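Naming follows writing order (A, B, C and D), and every chain is counted from residue 1.
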Amino acid sequence: MPDLSVQIATLKLANPIIAASGCFGYGVEYADVVDLSTLGAVAVKGLFLKEREGHPPPRIVETPSGMLNAIGLQGIGVHRFIQEKLPELRDRRAVVIVNICGTTIDEYVELSRILSDAEGVAALELNISCPNIKEGGITFGCSLAGTFDVVSAVRKATKLPIIPKLTPNVTDIASFARAAQDGGADAVSLVNTFLAMAIDVESRRPKLSNIVGGLSGPAIRPIAVRMVYECRQAVKLPIIGMGGIASATDALEFIIAGAAAVQVGTANFVDPFIWSPLIDGLRDYLTRHQLSGIGDLVGRLDTHARDKAWISS
Amino acid sequence: MPDLSVQIATLKLANPIIAASGCFGYGVEYADVVDLSTLGAVAVKGLFLKEREGHPPPRIVETPSGMLNAIGLQGIGVHRFIQEKLPELRDRRAVVIVNICGTTIDEYVELSRILSDAEGVAALELNISCPNIKEGGITFGCSLAGTFDVVSAVRKATKLPIIPKLTPNVTDIASFARAAQDGGADAVSLVNTFLAMAIDVESRRPKLSNIVGGLSGPAIRPIAVRMVYECRQAVKLPIIGMGGIASATDALEFIIAGAAAVQVGTANFVDPFIWSPLIDGLRDYLTRHQLSGIGDLVGRLDTHARDKAWISS
Amino acid sequence: MPIDVAAAVVANTRLSDEYNVVALDAPSIARDALPGQFVMLKPSAGTDPLLRRPFSIFEILRDETGQPAGVSILNKRIGVGTRMLFDVQPGSHIACLGPLGLPFVIGGSPRGPDALPSEAWMIAGGVGLAPFATLAEMLVARRVPATLFYGGRRASDLFYVDWFERLGVRVILTTEDGSRGERGLVTAPLARALAAVSTDRLLTLYACGPTPMMAAVAALGRKHGRPVVVSLEQTMGCGLGGCYSCVVPVRRNGSAHFVRSCIDGPVFDSNFIVWDELHR
Amino acid sequence: MPIDVAAAVVANTRLSDEYNVVALDAPSIARDALPGQFVMLKPSAGTDPLLRRPFSIFEILRDETGQPAGVSILNKRIGVGTRMLFDVQPGSHIACLGPLGLPFVIGGSPRGPDALPSEAWMIAGGVGLAPFATLAEMLVARRVPATLFYGGRRASDLFYVDWFERLGVRVILTTEDGSRGERGLVTAPLARALAAVSTDRLLTLYACGPTPMMAAVAALGRKHGRPVVVSLEQTMGCGLGGCYSCVVPVRRNGSAHFVRSCIDGPVFDSNFIVWDELHR
């Protein structure tokens, strides 16, 4: 039986399959359809200190093999999360990664402190990459100094593993992975959504109330895989890859490109029962390829045959 | 009868529909299936000074609602183009935009000089954004100074309209549009393809011989529309928009977002007879909406209703 | 507890060139489904279109022995997914997730019989008829006198009228062009009836249809002091509370909040909806 | 001049659980098609899968009066698009672009009869049979004695053998498991036959199948001084020369160049192909 477990600092995952933040509610919504303890981890919906109502609808639009969202981080805030959701997640033995968002470094720090004291939080994912809100988040995620500053400030505030989540809307994502590493991150996760928009041509209005939103789903997978591959070459940190994963094969693409674990977001909307086929698919692959553990596969892209250029000038 | 014509400096298009570079051969390949003179223009395959063999196959991979390509700019070079292809394009009364690529600024300048002397070239598109070749091109396209330098050098060498083609693989594409404008461009075209990759998980090899390639097709459309919208707000230059256009509705999205004209690439592979439905579709829309010309639509996105935020915090 | 089945298409019955009924083989969903609940259907395999589409459970289909064998949906062709369902071939399979959402409440609890209304009026606009076939069956089973106010654009947009009448439901029809029933909107006969009905009748209104229609029914209900239960239609990414796409503005403790209509709805007490802010 | 038609599926004939023949109503393509040409089919509407797939024209279908009425393709299910074609419903429509590519040459020109070979051998591996039905008809029509060397994995992978024999083609079969014909690869009987045939026969070989098979046939042809014409299968984005995805390495004036196999092929003189560099 091959070993699917993954260790990232103190974060121990039974398998590399994580429910992506914002695509799995607070986890408890899905307790009826999937045994939460069978997932590698659950990354809960992005939390601010305070409650937020988010953007008015329309909040999503379907696009070719993808979707745009501009939810605007509606959420119950960290305190209600700890009171109302965390106990149930604990009872269900979910490995909980809390995705945190702030408008200032102090907010990230305060969130980290509060969550470090809460029982049942396994790691913090720093959302510095949400394209849908003007204030905060992305302003850190699009600046190397900002990324470094947030990460190093949070580093001082918590012993929990910290995982900055990187935006793909940058020229050189690998430099952001490096900034995160330098700031003391335990891993990086990527990618968040691509800033995008859709227009209703009859009314000539944006289809989203927020005008722009984030593109996710299979459409973005090839770009996300490339970004994981680039980060793999730039940093030693474990990488948590995501973007359009909808099958075990897709997950394996990310792992072979360099991801130690993966997250699945949009595909859960289409198929909330996707989890055990995903996990079984990884196990079957390892068995079929006679690999003893998933770690043997991470970053094992064979570019050898491709390195020889032929008549190409 | 609404007016579909578009004027960009001295470049006069009968309608805003342009065949995208690299997706329409040298134009002559399609003379059997479409009357080239009915297109707004034909952007021919990227040309270097010299002939190039390009990358070994596999050169394309299909992805969800998209495709990757790493052709590696195989091409006949500018001299053979002028001798072997341009006369036929002229005979067929095609409006020809030549897409030029160099590894140095001098090469762009030389190409511009050579093509300025050739009869039947209507404009130059500066490919500073091809993600598939290591040398040149993209090194200019990913640096603001590089973009400015190439454009201003070419500006001095030619009276032809020059249209730098921007890469989407940057944090802030609008700043590149500004650099192009500052350099003296007559328009900008965007987007080129997104750097991406796909892996065959069974062999653990990249699916493309070049390892990475460029993502095009409907998958990228929402990102491309957003980029056109951003550039529209940043520059006064006409914008030629593209990325995943496969219907008149798609073209209208770009136009309403701010594009004066559009290019169609990948969709031509799927449907080489797409051109007249596209052009007719634009005309029908204008008629239906009682607009006298396509210019009345450019950038006419109504964000009013969306500007009011409600209970969103 | 929702389940996902690859449901075989048992029949595709065209009702007009816009409407059809798709019968799906899904016994376990049929067994659990309650009136007002919905399913999420994947119109085609592959990633274009990517998302599932929500559909009210129209009928509970039964086998010869009367056991629940499947569900049908009443489909109106308005876009890419509903077109695929309009053209679906019997024998093919459709991923069907359900039952989802909160059901209609008659009286106290969705399952229990306590405090039934003395009368129930259903107000349907167009495809808004869909949730009322099962609701009508439940009302009739519990001996609640039921009326259906049913409006469409024209006579050929009205379906299952005989079916409701055979069940014992009083049906009042309107069409915008007057080709069947009263000419105009369904709210006109409804308004008259509300003015006429005795105030000591415990009357509940159930409305489903275009948002403006539901808003108008809600206003009429408020005016006449009658509870109005609505079934809202918002774009839904997941149907399970995961994405927060389907929110509707709901008044709670004085202030308005966005509430997920997939798990806290689609059925709502209309009094709590902030109608002016509801996306149409 | 290629055209694009929304061709109705006239029949979907399953030959095995992997192979089928799809008959398409496309008279204008059928009228123009020459042996060795291909069509680009869009397996489904929508953008997933996005691209068309290339298929050899297998048969020219004719109406009662003998007029060309359509084309069929011999489809082998290997991926998403070929699976859709395997499952395609008669009555549905498939976008079919063609005829495309350069046809087989017998003798001088594809249309003219000059300098016919005195004998033609077709070597087919698996689905590589596809272009040979129309070629065989043309050979027979021009009275060129024709032989088909046809190899598959097992007996159930060999199709249309009677059809070729009825046409007057000599058929030599091999299967990898020996369940029909000679056990082994098709190149074994071919090698023996090449060694045996009189050198004064003007013999041309036509090969289509897996790249290693075609390479082996090309090598045998070279060894025995016989011309070998191959029909190559490369991934094609457009089929019209627009994308440069389908290139094959061809020796020209001493050096190798990438040549588009959609418009400069798919049929090539094997001597010009740089077999070691051909993508498999």
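In this section, contacts are C-beta pairs under 8 Å (C-beta built on N, C-alpha and C of every residue); 3 or more make two chains touch, one makes a residue touch a chain.
Everything numeric in this text was worked out from a predicted model, so none of it was measured.
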Reference chain B; chain at largest CA-centroid distance: C
Euclidean distance of C-alpha centroids - chain A vs chain D, Å: 47
Distance from chain B to chain A - Cα centre to Cα centre, in angstrom: 32
Whole-Å gap separating chain B and chain D, where each centre is the average of the chain's CA atoms: 36
Set of chain C residues in contact with two or more other chains: 47-49, 249, 257-258, 277
Residue numbers of chain A (touch at least two other chains): 53-54, 56, 63-66, 209, 217-219, 310-311
Chain contact topology (line, ring, star, complete or other): complete
Interfacial residue positions of chain B with respect to chain A in the complex: 50, 52-56, 63-66, 68, 72, 142, 169-171, 194-199, 201, 203-206, 208-212, 215, 217-223, 225-226, 229, 244, 249, 252-253, 256-257, 285, 300-303, 305-306, 309-313
Chain C-facing residues of chain D, complex: 44, 46-49, 80, 89
Residues on chain D engaged by chain B in the complex (per definition of touch): 1-2, 4, 42, 47-52, 95, 97, 234-235, 237-238, 240-249, 257-258, 263, 277, 279
Footprint of chain C on chain B - complex, ascending: 64-65, 218, 310-311
Complex contacts: residues of chain A adjacent to chain C: 22-25, 29-30, 32-33, 45, 53-54, 56-60, 62-67, 69, 71, 74, 209, 217-219, 246, 266, 268-273
